[in-house]
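Next, two complexes with subunit A in common: one pairs it with subunit B, the other with subunit C.
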Partner chain A sequence: MSSLIKAPSRFKVPSYLIGPILILVIAMIYGSLGSEYFLQPSSIIFNTGRYIEIGLLALALTFVIINGDIDLSVASTLAASAGVLAKMWAAGVPIFWCCIAAIFTGFILGLINGLIVIKLGLPSLVVTLATLALYRGITQVMLGDGVVANYPENFVGFDQRLVIGGNPGLPAPLALFIAASLIFYFILHRSNYGIKNIMSGSNPSSSKFSGIDVNSVRLTAFALSGTVCGLCAVMITSRLGSTISNVGLGLELLAITVVVLGGTDIFGGRGAISGTVVSLFAIMAVREALVIQDINGQVQDAVIGLLLILTVLVPRIRSYYIEKRNRKKRFNEAQRNA
Partner chain B sequence: MASECEKRGNAINVLECKSVSKWYGEAAVLKNVNFDLAENEIHAIVGENGAGKSTLVKIISGLVPVDVGTIKFEGSDRTFAHIREIQNSGVALIHQEPRLFPDLSVLENVCVDYQIRDGKSKRFNWKKAEEETKELLAQLGCSFSVHSPVKALSVADQQMVDMVSALRKKLKLLIVDEPTASLTPSEVERLFATIHKLNASGVSIIFIGHRLEEVLAISNRITVLKDGEVVAVKKTSETNEDELIRLMVGRNIDTSANNLKSSSNQVSLKVSNLVSPGFVADVSFEVKKGEILGIGGLVGAGRSELLETIFGLRKRTSGEVVSPSHGSLKTVKQAIASRVALVPEDRAHNGLFLNRSITENLVITNLNLTSKGGKRNFAREKVIGQELIEKFRVKLSSASQLVRELSGGNQQKVSLAKWLKQEVEILLIDEPSRGVDVGSKAEIHQFLNASAKDGMAVVMVSSDMRELIELSHRIIVMRNGRIAGELSGSEISEEAVLRLASGLLSTGRGN
Partner chain C sequence: MAVNVNSKVSYIFKKREFGIFLFILILLAVFGAIEPRFFRSDNLSAILSSVGILMVVGAGQTLVIVTRNIDLSVGSTLGLAAMVMGMVARSKPDFPIIGLIIIAMVVGGICGVLNGLLVSYGKIPSIIATLGTLAIIRGAVFVVSNNVQIDPNDVPKGIIALSTTSPIGIPWLLIFAFLAIVLVWYVSSQTLLGKRVYAVGSNPEAAVSRGLSFNKITIMVFIFVGVLAGLGGVLYTARYATINPADVGRGLEFDVISAVVIGGTNIFGGSGTALGTALGCILIGILSNGLTVVGVSPFWKACATGFLILAAVAIDNLVRKKQEENFLLAIRNQRVVK
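What follows is the complex of A and B.
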């Protein structure tokens, strides 16, 4: 029996990271087979821009999902925030205040999601499915078929700027993502709010019995998610230099994929920021590798879908076989003793 | 151990389990267990929580596959039989918490597997099924409608529904797993009458129980399990409670609590005219410092709801809860800040985070001690967790283990311990020993007595009559959300509590 109990090693990669890391490595190898420039720092940095928005949304969603909720409306919240930004800019408001207004809009829309879910006691899946359509609809009403462009030069092209110059250098979006990851890591894993968030996802009733204000924890997560959407609206507007009503369409599914691939339990109570971060880079590597290898967009989607199922499945298969092996060992042992 | 099972005349064994072993993960739950059941016998299995009782009957009824060993039922090998095959051969398991479909009606629940078996005729005869079910329910002395949804029934009635589904088939072996844990005395009586009736009609019975007086009253033979091994098989007529406890625990336990009366007159908590619609109606009482106030009553009398209302978890429409040293308590936050703690009855749903670690479970109520400015300090969390684990002697393999993996008794200790790093003035505890093994139960009782001596006020809800009477300094009995009466000193007796609980007397005076 004692041989079955292994001494814990000093450093162990958490099981939820194994899948994403594997995908990341394989995709990098596959990509570099397609082009020698694939792993060049400059090409990686050039490509990060649009993934960072997904990454930020995924970080915020990690909180909502660990909490046992879901926010499907993130992309629509982003669009509505971008719409407010565009409208205010078109009305002649200085760009700084437009950005502040966009972030604030995100915050309010997130808060609305949370309040409906909590005050009316409706499932967040239904509520945010509704606001997914609602917020997108409001954006379309605001912007119509028009395009708002002509943003000031010092605002546009944020993703091409470097925080640290030189080659490879550190582009602004990546710097922002690293900073955000650290902040979110701290909040989730090192702060009281974080453990309350995880615990209320793990068992809301026990949380109430333990004196955690579950509703305010949930509301905070929704508001946080909305605020990050507002921030992403600013980033995406700066990157694209224009705003249309279907901005960020479909990003919510990508962001949720990143969260789940990173090992966060879709039913709440378990998950980690490190998972979300690694899984973002894994998905980014897969997409870019497939682009380099000249494989078209639809196939890329299919590959991501397959990878998601495999990543969630593999740890289960692994533990099944470990259990089976142990069972066999014991059976033999028992046979010998008999 | 097989040698201990003496021959019982001409009786043949209905069931024979030979060297059965079972592992869950790394942990061996059953080690080389031999168990047999003679025809028409009532064979009880006793043991502490985590001794492997439930696992053994789950294996016998086919719910869980066996790892090593053989199982014979009526002479034929059933070791790897499919659960349906086992059920069809006349084995039924009644769970402690009936596993029914809460939203379906009684009739639908009873017919669920019957319907599948009746596959040859296209249409299911609901009328006939209803008649049969009604008849069986009447035989068992149940008065509820076959059309009411199961979730509207009490646990006892749900067990009866389970029983009816078992009775619809030709029953040969009935296994009842801790059936009385959440039943009231009259419901227990009804259940026992049913068991005896079935036994008289030729059904063999395996009975698992925590309450030894019940086990001794009902069984012919008793198998004692300890840590997954059979430590003894005794004829009921040749053993007694003390011996069983010694066998189960492996040491002597002082089960008699010291009933020290509280000497303090200082009021710790004053509840006045508390109303929570539908559950608690106009309840007033006081608890003094160092007093253990027992709350007796039937299941559904509003006792748990009373505790939850005091703790601020339930809406109250009127009334007040006052702690003289902290003022009026309205919310959970205020209650906790005033050093009130609630240990709930249903620890899996309300007390613990089963999928989180022991340490996390213990520090979640102590974040004010472990963190600074909202920032957690893992080192301090570890120290405090370890301190509580040692203080309550929680048996574990590592503090980062999930609470799910602990036995019932150890889970209860965690559920209690998480409040006790900081001074608790008023402890509200709901069924302190439900689903808890004898050893842990004694430890919890000792803890309650010692804490009361140190000045803690304890309000304890209990359906375990012995626990209630032995621990409480004073007892109030609830009925239909109201206080039916109060007992103290020499008035306290099992009979007096029962009379008040069932409404035979309106006050405690007069016995």
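What follows is the complex of A and C.
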């Protein structure tokens, strides 16, 4: 009845965004208690640089996870692409072609993941667990325990460059991330492919019967994820200015955390780019706030782990109590009528 | 009689574990042929003691994966158990060894209860819940220890002796590993509880409608792996004698899951044996030791592990498909005869 009386609101914050937005706000307040400079626009914007790779990986992973698959090998794919870049640079290839080769390597490795999963019909969790070890191993074989550095001046320091100058300016990584999230938004929510992606995740067999080539949709998502890993390899090499074989170690868990925190269902069929973007900024704010408050890295990870569990658990508990209350109400009504 | 023996022999040949066993023999022959020193008793015992910790934790993980869950937090649980035990030993040097072992197992069990509650009553997918607790428990290791490591001279001699002294020519560490495997074998194949665990794993809906408590079995399985991870913490302390809060048990989860998957446990639940897991652990141990002994760069180890997982699941998948075909064929033939 109440819905008839209340005017339907035109804009409503989706439920999956409430958690990340709350976390973002609380982290901002907590951080600003630690330092008055925390909320300055320029410091916020320049702190984003370190998190953009995670954000890009999470954007691409959103597609894979919506399909009901998972890609644990993203960090290793990134490392292998960075390894190819480093080896080619050390061999004297111009840096531009090294970057192209790195992105292409990512594409190929992602494609291999997808082909193994689809052609052999194996669970993606196991396959990408295997390629997590395999690609990291390839990187270690390529680079050994050496370091490749001495990248050219105009390649290093991508994160220090400004697309729009001034104070606060717009640094290149953030601009790239904004562009990427817009593109991914249109692919997932406004394009044919995106609809197919969500459909094949929510019900593979019925999608197959309605004429969607589920396997090619999944393969595309894996290849996309790999390509983005290659791109991130270029970015991380430019940011760090050197390459070692354990580059990006453990990044996969962080990227998956971002995706899941943003409300994407780990079993597929549901998810949104906006969720991933907001949850990236939430995690970024939490990290930076904890850094400002001088809290150890392991405890930072623990806080993010706790937030991950709470964002899944709290809505469950809430819906449980709402359900219970409704049941009681129905029961009382039935008794009154009887 | 002859027929009976014949069928028994062919039964052994058809067993999933036989394939791994054969592969282990081939590896042993190859490594032994290249480098006879491989078969020296000190090398073999080095392999076995490196495998012991993996085996103890893997035994528990097998049951978790059989119930369609996964526990990513085993490495952190092992770390917390080892750390708490080490701190008790440091503050009370004359604490009995058996008490220390019980403390470690209880700490592991508490972590298991936490995971179990989140997965069963919280209805959080286990991969997310344990991804969260992986970080949370790792943070707890830091908070509990105040980032101070336990030095070898703080660890009681009795604990270190577990990895060196032996009652019957085998170090205690291996006896514990063996007991863990036997325990899981016994529970899974000889008890009603084991049958229930497998029933929940192979078809949760059917199991629940048959009156099994999904929540109770899930919690029990997670407690079980937690307790075994706690025991793993004792063995870790015995073997390395130093407990560093930052890297005790870090990354163990990947090794353990790899070993379980190589051992033939289906990641989608419902099948898997303790013997397979034990052989999987031994295979990984032989591979990593053999590569070093033969003189291949240790950087190839990760590659080899990745290939091994892929090969194991691919072969498993083929065998399973073949079995299903045969099963369907048998049913059809029966109908034709009738």
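One rule holds in what follows: the second predicted complex is superposed on the first by the 318 of 338 C-alpha atoms of A that agree within 3 Å, B and C clash if a C-alpha of one lies under 4 Å from a C-alpha of the other, contacts with A are read in each partner's own complex, and residues count from 1 in each chain.
One rule holds in what follows: contacts are C-beta pairs under 8 Å (C-beta built on N, C-alpha and C of every residue); 3 or more make two chains touch, one makes a residue touch a chain.
Given the structure is predicted, the values throughout are model-derived calculations rather than measurements.
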Checklist entry - If you stack the two complexes on chain A, which partner ends up touching A:I198: first (subunit B), second (subunit C), both, or neither? => result first
Checklist entry - Where does A:I304 make contact in the superposed view: on subunit B (first), on subunit C (second), on both, or on neither? => result second
Checklist entry - Taking the superposition as given, does A:D213 touch the first partner, subunit B, the second, subunit C, both, or neither? => result first
Checklist entry - Given the touch rule stated above, what does A:W97 touch, subunit B (first), subunit C (second), both, or neither? => result neither
Checklist entry - subunit A residues in contact: does subunit B have more, or subunit C? => result C
Checklist entry - Now for A:R190: first (subunit B), second (subunit C), both, or neither, which partner does it touch? => result first
Checklist entry - Thinking of the overlay built on chain A, is A:Y321 touched by subunit B (first), by subunit C (second), by both, or by neither? => result neither
Next on the checklist: Output the subunit A positions appearing in both contact lists, the one against subunit B and the one against subunit C.
Outcome noted: none
Checklist entry - Touching subunit A in the complex: which residues of subunit B? => result 19, 21, 23, 25-26, 28, 32, 67-68, 311, 313, 332-333, 335-336, 342, 344, 349-356, 360, 363-365, 367, 371, 374-376, 418
Checklist entry - Taking the complex as given, what residues does subunit A use to touch subunit B? => result 1, 4-5, 190-196, 198-199, 202-203, 205-213, 269-270, 323, 326-327, 330-331, 334-335, 338
Checklist entry - Across the complex, what residues on subunit C touch subunit A? => result 70, 118, 122-125, 127-129, 131-143, 147, 245-246, 254, 257-258, 261, 267-268, 297, 299-310, 313-314, 317
Checklist outcome for this item: Given the complex, residues on subunit A that touch subunit C span 70, 116, 120-123, 125-127, 129-138, 140-141, 144, 245, 253, 256-257, 260, 266-267, 296, 298-299, 301-306, 308-309, 312-313, 316
